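So, here's a batch of structures to check.
The two complexes that follow have subunit A in common; it is paired with subunit B in the first and with subunit C in the second.
Now for the complex of A and B:
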């Protein structure tokens, strides 16, 4: 492990000791953060996977129905049928804080006009498959929004976990060993200096006594 | 603080027309370049959730990745009318590998 380039002085030693204490404390905190995030992430990602599989299956089915409707109706009529929807979805979003990661929270609000059917078209000119497709899709939308929330959350959490893990590793395998090594180096160097000056004094004393004799 | 946000759907015309009946904003696109510009524009215009048809999403990874670290918009790939390409599941798998370092969900497959 590489040494830091420092002057082996008492000042430097106490400075490094303080840094080491901070590094160790930071390491412990970050490790706890990482472990807790992992736990949350595992819970979340399992749910995410289940929901996605479910949504994808149902969506594929709905789109299949829609495709049938499209095949049975002319493009213009179909386009016209869905042109003026009777409902509108507004999203209310806020942020939730999971272990200091800001993740989205999505609530939706459905606005439909009074007294209008959910279908934005007359039944005369359209095929039954279209009704089915629209019904399935509108039933699916709340789930899709929930999926969006969960998926985004796990995405951001994954990113943050990776970042935190890097920091933990950098502290554990680089910072802390480096500081310890440097502290040891300074201690040894100072001991060595002390021994050297003691020997020098003893030598001088010997010389003085020899001269007296 | 809450504002009103919108839901957008991006993809080929055939796949997304159904969402229009629900009152979502749909944006038919053909070219990946077009889609990428569109996503950027939507992100500026209060779209909180953007559903994007997988076949389109496959071409504009970079644009989608750009919004990964911000809470909004959430860009969610959904299967189009050709069926699922497995892109969404792939994304989940990538997240697991990134966070945990190993695949723990899909190991049995």
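Now for the complex of A and C:
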């Protein structure tokens, strides 16, 4: 382990000792943060996986129904049927704080006009296979919003965990050993100096006594 | 060019009928492993010219538009009664009306959804009329319904209602015109179409779980089965509508379609049977060289063909299993 380039002085030693104390404390805190984030993250991705599978299954179903409707209607007629949405939603995106990570929180509110059916088309020119697709999709929106929220949260947490992990490792394997080593080096150096000066003193004392004798 | 007359049109049509897709060829298309292969089977027919124009199997809609345009100009050339044959193209005009109206309410142009093939009213005309709310330049029956729509949409904009009002207006106009022209055959055809669409709307409402009030707004005018029939049917379990229609000529299509609907909740079989029934009905009348029957028969045969090609091409380009395609494949005319 490389030593830090410092002057082996008492000042420097006490400075380094302070830094070491901070580093150890920081390391412990970051490690706790990482562990807690991991725990939350595991919970989240479990839920995420479950929801994603659910939503995907229903989306596959709805898209399959759309495909069938598409086989019975021309592209223009199908798109005309759904070009004017009857359902409107207001989305509000706010922030929520998990372990100091700002994650999105999506709230929605339906602002559709009352008394409108979700079927935004006439029944004469459209195939019956369209109804199923529209019904499935219109029920799916809340779940998709929740999924979006959870998925983004997991992503952001994962990123933060990665960052924290790197910091913890940097502290644990580089900063702290380096500090410790440098402190040992300074202490040894100063001990050495002390011994040298003591020997010198003893030597001087010897020499004075010899002269007196 | 010879003057259009019934025997002349019948003569032309009888020749053209030989060029319609045969059952055998449809089978071969459905069996084809890929979209390209299916197109190859089609290229040997009168669609060959259109296929040369398109870029590949994904571009089949252009092919179908090309065909609709061709049929439309053929009708303009040979139809002994263009007003009646134009009624079969009216749905494209109404489609454009729906697109333009919805665009106006949305406040954004959606011109790519407009259909240009087979329309009887020019898009430019419709566009100006609708965007400027100046309906005087349109046929009076259109002006009337468009004004009604503007009024109805004043408070709540309900696109479903918009479509339905236009659909109704279309059929009212169709029956009105046919009554004036005393065209029994075409009238009978549209009566059957309206009835079967209304039955389908009834079944769709059943599936969605709405009540008669919802259905009432959707029913198309002019059919043999009136509102009371559906009001009564709404009170009973779904399968009873089959019994009610047992003695009518729809019984076959309805009973089998209903059976499948109750079992699977899908209207695919019903819709197929209805198309087959209507086609067979005109087919039975087509040997009348001095009437409009062969012309209408041919028109519907072509529409049917276009439906068949669309089903196959959608299936092929999306890798649907042949069984799913086959379940929806319609009968052929010849």
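FYI, the second predicted complex is superposed on the first by the 213 of 213 C-alpha atoms of A that agree within 3 Å, B and C clash if a C-alpha of one lies under 4 Å from a C-alpha of the other, contacts with A are read in each partner's own complex, and residues count from 1 in each chain.
Operating definition for what follows: contacts are C-beta pairs under 8 Å (C-beta built on N, C-alpha and C of every residue); 3 or more make two chains touch, one makes a residue touch a chain.
These figures come from a predicted structure and were not determined experimentally.
> Quick one: on subunit A, after the overlay, do subunit B and subunit C clash, or do they fit? Just give me the call.
fit
> Mind working out whether A:129 is in touch with subunit B, subunit C, both or neither, as first, second, both or neither?
The answer is second: A:129 touches subunit C but not subunit B.
> Per the contact definition in the header, classify A:93: touching subunit B only (first), subunit C only (second), both, or neither.
first
> So, A:67: does it touch subunit B (first), subunit C (second), both, or neither?
both
> In the overlaid three-chain picture, which partner chain does A:6 touch, first (subunit B) or second (subunit C), both, or neither?
Once the two structures are laid over each other on A, A:6 reaches no partner at all.
> Which partner does A:45 contact after superposing on A: first (subunit B), second (subunit C), both, neither?
first
> Is it subunit B or subunit C that touches the larger share of residues in subunit A?
If we count touched residues of subunit A for both partners, the winner is B.
> Is A:76 touching the first partner subunit B, the second partner subunit C, both, or neither of them?
In the superposed model, A:76 contacts subunit C only, not subunit B.
> In the superposed arrangement, which partner chain does A:145 touch: subunit B (first), subunit C (second), both, or neither?
In the superposition, A:145 touches subunit B alone.
> Superposed on chain A, how close does subunit B come to subunit C by Cα atoms? Whole Å, please.
In this superposition, no C-alpha atom of subunit B lies closer than 7 Å to one of subunit C.
> In the superposed view, which residues of subunit A touch subunit B and also subunit C?
Dual-contact residues (subunit A): 67, 70, 79, 81, 83, 86, 119-120.
> Note which residues of subunit B are touching subunit A in the complex, please.
Within the complex, subunit B contacts subunit A at residues 1-7, 14-15, 17-24, 48-49, 51, 68-69, 71-72, 74, 76, 78-81, 83-84, 88-89, 91-92, 95-96, 98-101, 104-105.
> Give the list of subunit C residues in touch with subunit A in this complex.
Going by the criterion above, the answer is residues 61, 64, 91, 94-95, 98-99, 102-103, 105-106, 110, 113-115, 156-160, 162-164, 166-167, 171, 197, 200-201, 203-204, 207-208, 210, 214, 218, 220, 265-268, 270-271, 307, 310-311, 314-315, 318, 320, 324, 328.
> Taking the complex as given, what residues does subunit A use to touch subunit C?
Listed in rising order, the residues of subunit A that touch subunit C are 67-68, 70-72, 74-77, 79-81, 83-84, 86, 113, 115-117, 119-125, 127-129, 131-132, 135.
> Where on subunit A is subunit B touching in the complex?
Subunit A residues touching subunit B: 37-38, 41-42, 45-46, 48-49, 52-53, 55-56, 59-60, 62-64, 66-67, 70, 78-79, 81-83, 85-95, 102-104, 106, 108, 119-120, 133-134, 137-138, 141, 144-145, 147-149, 151-152, 154-159, 161-162, 165.
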